[in-house]
Amino acid sequence: MVFDIIEIFSVLMFFISFYGLITSKSIIKSVVSILLMESAVIMFFLSIGYTSGIMPPIGQNPETETVADPLPQALMITAIIIGVAVVAVNLIMLISLYRQCKAKDWDAAKKKSME
Amino acid sequence: MYIFWIIPVFLILYIIRIIIGPSVWDRLLGMNLVATKVVIIIIAFASLYELTYLLDFAIVYEIFGFISTIFISLFLMERKKGGKK
Amino acid sequence: MIYAFLTLWIVGALLIIRESKIIRMIIYLGIFSLISSVCFYMFGAPDVAIAEAAISVFSTVFFIVCFEKHFGLAVGVSDVTPESAENRTNLKKYIPPVVFTIFLFVLFIFFIPENPANSYLKDQYLSLFSRDVGGENSVTSIYLGYRVYDTLFEALMLLVGIVSVTHLSRYCETSVKEGKPSDINRADIAVFTIRVICPVMLLFGIYLILNGHISPGGGFQGGAAIASFFVCRYMIYDIYDIPIERIIMVEKIIYVVVVLLAVLFIFIGLHSFLPLPQSVYLITMNLLIGAKVTCGLIIIFYRFIAFERR
Amino acid sequence: MLAYFVIIPILIAVFLYVFPSSKAGRLIAVITQTALVGLAFYLFFICKSRDVVSNIGNYESFLGITLRADALSSVFIILTSFIFLIVAVYTFNEKYNGLFWFLLFIWEGLLIGIFLSRDLFNIFVLVEVTTVAVAVLIMFNRDNRSMYDGMVYLMINTVAVQFYLFGTGYVYKLTGVLDIDAAAKVLEELDKSSLILPYALIITAISLKCALVPLFSWLPKAHGTPGAPSAVSAILSGLHIKGAVYLFIQFNDLFKEVVVSEFFLIIGIITGIVGFIFAMSQKDIKLILAYSTISQIGMIITGLNNDDIYSYTGSLYHIFNHALFKSALFLSAGIIIKIYNTRDIYKIRGVLKRSPLIGAVIIMAILGIIGTPFFNGSVSKYFIFSGTSLPVGGAILLINLGTIITFIRFSSILFGKPQTEPDPAKTDKCKQAAVLVLGTLCLVGGILGEQLIEFLFNVKVSVDTAGYLQKSALFTASAVGGYLIYKLYIKNSPRLKQVREIELSFRGMCVSVGAFFAVVLVVTKLFA
Amino acid sequence: MQIAGNIIIIIGIIFMFFGVIGIYKFKNFYSRILISGQIDTVGALTVIIGIAVKHGISFFSLKLLLLAGIILLLNPLATHITARSARLSGYLAQEQEPPPHDKKDGV
């Protein structure tokens, strides 16, 4: 098998954050894990078509071989903005949940919410 | 260029310091140091390709790294001693 | 060298996942974001790198404010889930998730397709973008031209995020009053230096927006830079007089204008009739999106900050 | 221009947020909603003869984003705009602020966008925005329970969407395009083994959205949370999940080389069975309805993956019917909760006497969902059943039996004497009208079933007298059986409480996502 | 020009190397502040000036000088605020390890 090493790195990252999701007790850590997962996906998208010595796709008529793929970059800007909005909403929910239930981790929140 | 090989070594050493650093403020200091080193890498990169617009990123990086450092340290400061005006 | 950075990236993630004290986790997160933005830069994606650096500031700020709300005003109180002492010695607990994750990882690696990347769209875009949309930065051309439909929803996402943040944080109906002191203890030297550096940031944000179509940057990145100017402003002055209600209104109106502009220029295709140069559309759109992002991030930031005051 | 179907509701939403809560604003909302239903019908009539395609910006092949309305998606658009019209009428007199209307209309626009969009990344954006909007709507009243439920909903869906995005990345890497139609052409020529990974990543996310079996724990939380406005629950259960089913159909089409439909057939059956077991045991009327959604989704997925045109059409028609009766049930449950001020199924009694109209609607909807002859559920369930072979058909009958038992238990709220004195609040005419329309449509959809199927899906089907007799006999047998089982075993069983308390935590859900992903990979590798 | 630039860059890197040594050698937080505040800033500035010298007089060098100015302002300030935050929060210089209350809180 021939591997693209950067791809392997991003997959590794994806599963590190997955490990974080399945083990974290506190909610804030789950939010961070989701952020890391997003970062892994972004890295994967940008690594599509990577060769060493690659140039940014800026300029009137760039040469195709040495220039990075512009489409994943445009997509990833969108993904990043979506990510920050989701993080903000998550955190504000977390604060409100803490204000109401005094619960910081998933188990306590679950117990409190059932009452 | 040799910068590309020396600076990452420094970076790794800083990261080790960050891991063992006994207090939060040591870690913040490490963050500041890392940000500076990375700025130098970016400049070296831009100078390698001779592309001026890549320097924009260095400026943005310096400013943003600075803001997150001082924001964390301001929020870490104990409010009671600082006192309200 | 890129591999050194990627290794640092992975190490940062491991640190974040293994850390049980939240304040340390936030600092590691800041470092992690900075490293990942450098990695993006080295992949030849300065636009994404600038966006990621801006986001790293805002996510750090959100996390630290959230942490403060989470644990009250006291400093450095750790995340006191009472696991640390006895569970850390208990290695058996860690074995099932680690094995499960490694199993998934190996399975994933085993199935990775070997085909090389297909560069159909890349070639098309690189040869056509300056004719179709204009500008020199092909990323901005795609972002505002070919895929403007996505951009509309992305702006909508920010709008929904802001609306939800304002809705969920409105326990204390008191709007933030003028001149209410924040209890940040600041030194004169800090105030002076930040005061010097603030205009530079503002100027730099405007520069990023206006030059978005020929150099890296654009609406979002510049908007985030201008919004971080307001973060700095919060740090040096005790000013809470941001008229949040009005900014929310302004933001909605800007969103409507963005939608209408996109509909006029791209959906209907007005740019082929008008004698304007194509960059006019790009600059206007960048300005509007920049204004929108600035408003949005300011609102979210001030809602986070003002949450503490009852 | 199809994009206006998406943009107009969003602009209305912003308008309603800027000028909130005046009666004129709400009137405008309802009127535009009606106009949108008309437009949807117009689109549908065009689509009967040809597909409507619009390239945004008129760029060359696949450079821009393509929207396409075909026969199937235009039916979904009619359904979406109609249900939203009903809900807009239902909430007309409620004292919600501008935010509620804003999120509601955004939701409509985004759902229509999902049905129209032919671009992989665009679907990601739409799904993510919808998730956040829905999460905020769920926790609209900000009580403890709905806070927790909304948070779980948002986070688990975000995790799933990351899997989807990763899969999109692989599709882009393999094909070089993001358009679904173009990608399908390229994917056909590729090696089968290279498709497995993107397929597994994408289908894991979509299965979570559809609430298939190991991944359904978020659904009752989101759909049945007590604090959420019942209009929101109705749309979630009736319509939102159908968006996921639509995506399921789309992606099974895109990856048709590697799809193992038997696997999803089995998963669908298990989903149906697990769904009704949980539904039977609940105490909260909204939770009963939410779990019953899971079992119906299981039936729909079974029908879609059964390789037969009758089952397929029946499933599509069942999607339509389920939207009608499940929203009718949720909306009337909202009215009942308002009247009795409780959600406990053991405490609500005598709905039929207290408010006969609501009782009649509930009876009609229940008759629909359990598949009584002459109601709409019977038509679709019969078609799903008639295309199946023996073991699958038996499973469908079993799921229907479970549904019957569940709703016999549910219907106990209609009769008897009220234990608590109901709140003598005055009835809301708008709500009653909205619910009544839905209830009547259940009956109409049953009587005119064949014609409707031909009209909507262009499939000519006919049921002869023998079929009718068989159907009625089966139904009567299972109804009697269900009643007996309910009386003898289930009514006072102590097991109910045990089943009720089984619930996955957030970590458990994440583990189940990973496990499902692994299973899909292995199964696809072995059998495709 | 090239040779002069390279020499200046190497001098800067030597500064940074001293910084790395210092950050491990000093056992006290307030001594370590020195690294970030002075040595590191000077090192970074020297490297930047070296690169600017290599490029001669151009737009690139102008932008580099702007960057150097920003670093000169911001880097010591960040250090200052960090140190001040530590001081005001009661992280004492005299002690070799964190004070008791700090330890209890687990920072």
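A, B, C, D and E label the chains in the order they appear, each numbered from 1.
Assume a contact is a pair of C-beta atoms (placed from the backbone, for glycine too) under 8 Å apart; a residue touches a chain by one contact, two chains touch by 3 or more.
What you are looking at is a predicted structure, and each value in this text was computed from that prediction instead of being measured.
Engineer: Give me the step distance from chain C to chain D, shortest route via touching chains only.
Structural biologist: Contact-graph shortest path, chain C to chain D, evaluates to 1.
Engineer: Which neighbours does chain A have in common with chain C?
Structural biologist: Under the touch definition, chain A and chain C have B, D as mutual neighbours.
Engineer: Kindly list the shared contact partners of chain B and chain D, in label order.
Structural biologist: A, C
Engineer: Can you name the chain that lies farthest from chain B, using the mean of each chain's Cα atoms as its centre?
Structural biologist: D
Engineer: A-B versus B-C: which interface comes out with more C-beta contact pairs?
Structural biologist: B-C
Engineer: Can you identify the chain nearest the overall CA centroid, using each chain's own CA centroid?
Structural biologist: A
Engineer: Give, as an integer number of Å, the spacing between the C-alpha centres of chain C and chain B.
Structural biologist: So the centroids are 18 Å from each other.
Engineer: List the centre-to-centre spacing of chain A and chain D in whole Å, with centres computed as mean CA coordinates.
Structural biologist: 29
Engineer: Compute the distance, rounded to whole Å, between the mean C-alpha positions of chain B and chain E.
Structural biologist: Their C-alpha centroids are separated by 9 Å.
Engineer: Scan chain B for residues touching two or more other chains and write them down.
Structural biologist: Residues 24, 28, 53-54, 59, 63, 69-70, 74, 76-78, 81-82.
Engineer: If I count partner chains per residue in chain A, which residues reach a count of at least 2?
Structural biologist: If we look for residues of chain A contacting two or more partner chains, we find 14, 18, 22-24, 48, 55-56, 58, 71-72, 75, 78, 82, 85-86, 89, 93-94, 96.
Engineer: Would you give the residues of chain D that are in contact with at least 2 other chains, written as numbers and ranges?
Structural biologist: Touching at least two other chains: 121, 125, 128-129, 132, 135-136, 139, 142, 173, 178, 511, 514.
Engineer: State which pairs of chains touch, listing all of them.
Structural biologist: Those chain pairs which touch are A-B, A-C, A-D, B-C, B-E, C-D, C-E.
Engineer: Would you tell me which residues of chain A are touching chain C in their complex?
Structural biologist: Listed in rising order, the residues of chain A that touch chain C are 1-3, 5-9, 11-20, 22-26, 28-29, 32-33, 35-36, 39, 42-43, 46-50, 52, 54-62, 64, 67-78, 80-89, 91-96, 98-99, 104-105.
Engineer: For a test of understanding, state which residues of chain C touch chain E in their complex under the given definition.
Structural biologist: Those residues of chain C that touch chain E are 21, 23, 74-78, 185, 187, 189-190, 193-194, 196-197, 200.
Engineer: What residues on chain B touch chain A, complex-wise?
Structural biologist: Residues in contact with chain A: 49, 51, 53-54.
Engineer: Considering only the defined contacts, which chain A positions touch chain B in the complex?
Structural biologist: Spelled out, the residues of chain A in touch with chain B are 55-56, 58.
Engineer: Report the residues of chain D in contact with chain A in the complex, numbered from low to high.
Structural biologist: 121, 124-125, 128-129, 132, 135-136, 139, 142-145, 147-151, 154-155, 158-159, 162, 165-166, 169, 172-173, 178, 503, 505-507, 510-511, 514
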